[in-house]
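By written order: A, B, C and D. Residues from 1 in each chain.
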Amino acid sequence: MTAIVTIRIQEQDFDTAREIAALSHGRTDIGAVVSFSGICRGNDSGEEIAALTLEHYPGMAEAEIMRRAEQAMARWPLSGLTVIHRHGRITPGQNIVLVVTASSHRQAAFEAAEFLMDYLKTSAPFWKREESAGGESWVEARAHDDEAAARWTRS
Amino acid sequence: MTAIVTIRIQEQDFDTAREIAALSHGRTDIGAVVSFSGICRGNDSGEEIAALTLEHYPGMAEAEIMRRAEQAMARWPLSGLTVIHRHGRITPGQNIVLVVTASSHRQAAFEAAEFLMDYLKTSAPFWKREESAGGESWVEARAHDDEAAARWTRS
Amino acid sequence: MKVKYFAWVRERIGKAEETVEPPAGVRTIEDLIAWLSQQGETYAHAFERPKVIRAAIDHAHVRPDTAIAGAREIAFFPPMTGG
Amino acid sequence: MKVKYFAWVRERIGKAEETVEPPAGVRTIEDLIAWLSQQGETYAHAFERPKVIRAAIDHAHVRPDTAIAGAREIAFFPPMTGG
């Protein structure tokens, strides 16, 4: 099976439709395409957010996502996989992250997309800083996200 | 929470990007949008498929999907949900079905999309007929799909 | 009452819908299947494996033991294969 | 060896990267954290809760007991919050 893997860390926005099309256009072996778009919310636990600034570790971010992509490819029969993560300042309503998975089977596409998102949250070297009326502060990691990632090592 | 629910049964193709945008555009309360596109494959268990023809039960198809949409809305904190299912003749590489879910949280968006897809497979009144070199035949329901749907009633 | 057929049930019976008037003893979906099976060879063929036949009353799935009294539209079809 | 800092570790130390030459006894990531903590108040503040600090050697996550011998680039940062 030939798989198309695309990983991009970029400041500019992405076009979800174009990325979905890039994985599936002209192919007849794909039965399922799952996309996940992570979007900046204007409110975090009741506090109004003016913007997020995402800092990342260039070089390691790409390497770490590629390692997770390779794990996903080994675990599920994927025909393609795209991960795009933005950095820099992002305002509410704007895209932060995109994961697209394509497979002949829906369960594989769903599970691989969830797996990648769980690890993007907990192991890709990105850090969010929030701007709100109360000033700026680093977003705290959540135990819930670690638990979500841990479920992939239990089975 | 105001939720946008869109259910369409149609012969013509749909635009995944437009449907994703319709659920999320201009909103700052959505953190996650998951889309699932089901695409006609050119090969089913080794046999070349020339086309699928989807028959449906007008009236019941909409009603049944709406019941599942209401279950999803009751179970997960969704801000929007779109289901589009095509009928008629569909050739390999073309879209069959689209599910889009939007939520403030990624887990809710993923789970609701999987729930809806599992029930579309097993309880929405659609039937696929395959055209191949060997003639035409009705696609058989798979026990695997029933099991996938059953997992939502176990927990 | 109006009865509708879909997919191979429709093909075997040779019609998509009809109006039927079953006798009073036909009270449930499974009674109706048994009665329809006796309406000719095409019906017998369509309903030869009653367990795989799914039914709906007024656009909602029902079990074989569901009463049909008051139904406006009953549908019979094979297991669904959409999505 | 080159050391990089990110997020609030970077802010507290006041620099994004530097080249350090720890003494021979500094063999693991946790040794390096302990040694860096003694390099001034800003370092002590950055590493005041060593358990929350994550580390990478040459772009891969490592545990505190990982040896640093041969490392080209070591990074320290808080738990990640991307995605």
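Structural remarks
Simple rule for what comes next: a residue touches a chain if its C-beta (ideal position, glycine included) is under 8 Å from a C-beta of that chain, and two chains touch if they have at least 3 such contacts.
Being a predicted model, the structure only gives us computed values, none of them experimental.
Excluding chain A, the assembly's touch network divides into B, C | D. Ranked by separation of Cα centres from chain C, the top chain is D. With centres set at the average Cα position, the gap from chain B to chain D is 48 Å.
Spacing of chain A relative to chain D, judged by their CA centroids, is 26 angstrom.
Averaging Cα coordinates per chain places chain A and chain B 22 Å apart.
Annotation for chain B: residues touching 2 or more other chains are 38, 117.
In chain C, no residue touches at least two other chains.
Chains touching one another form the pairs A-B, A-D, B-C. Across the complex, chain B is touched by residues 15-17, 20, 24, 26-43, 92-93, 104, 106-107, 109-110, 113-114, 117, 148 of chain A.
Residues of chain C that touch chain B in their complex: 4, 6-8, 56, 59-61, 75, 77-83. Residues 38, 54-57, 59-60, 63-64, 67, 85, 96-97, 117, 120-129, 138-141, 145 of chain A are the ones that touch chain D when the two sit in their complex.
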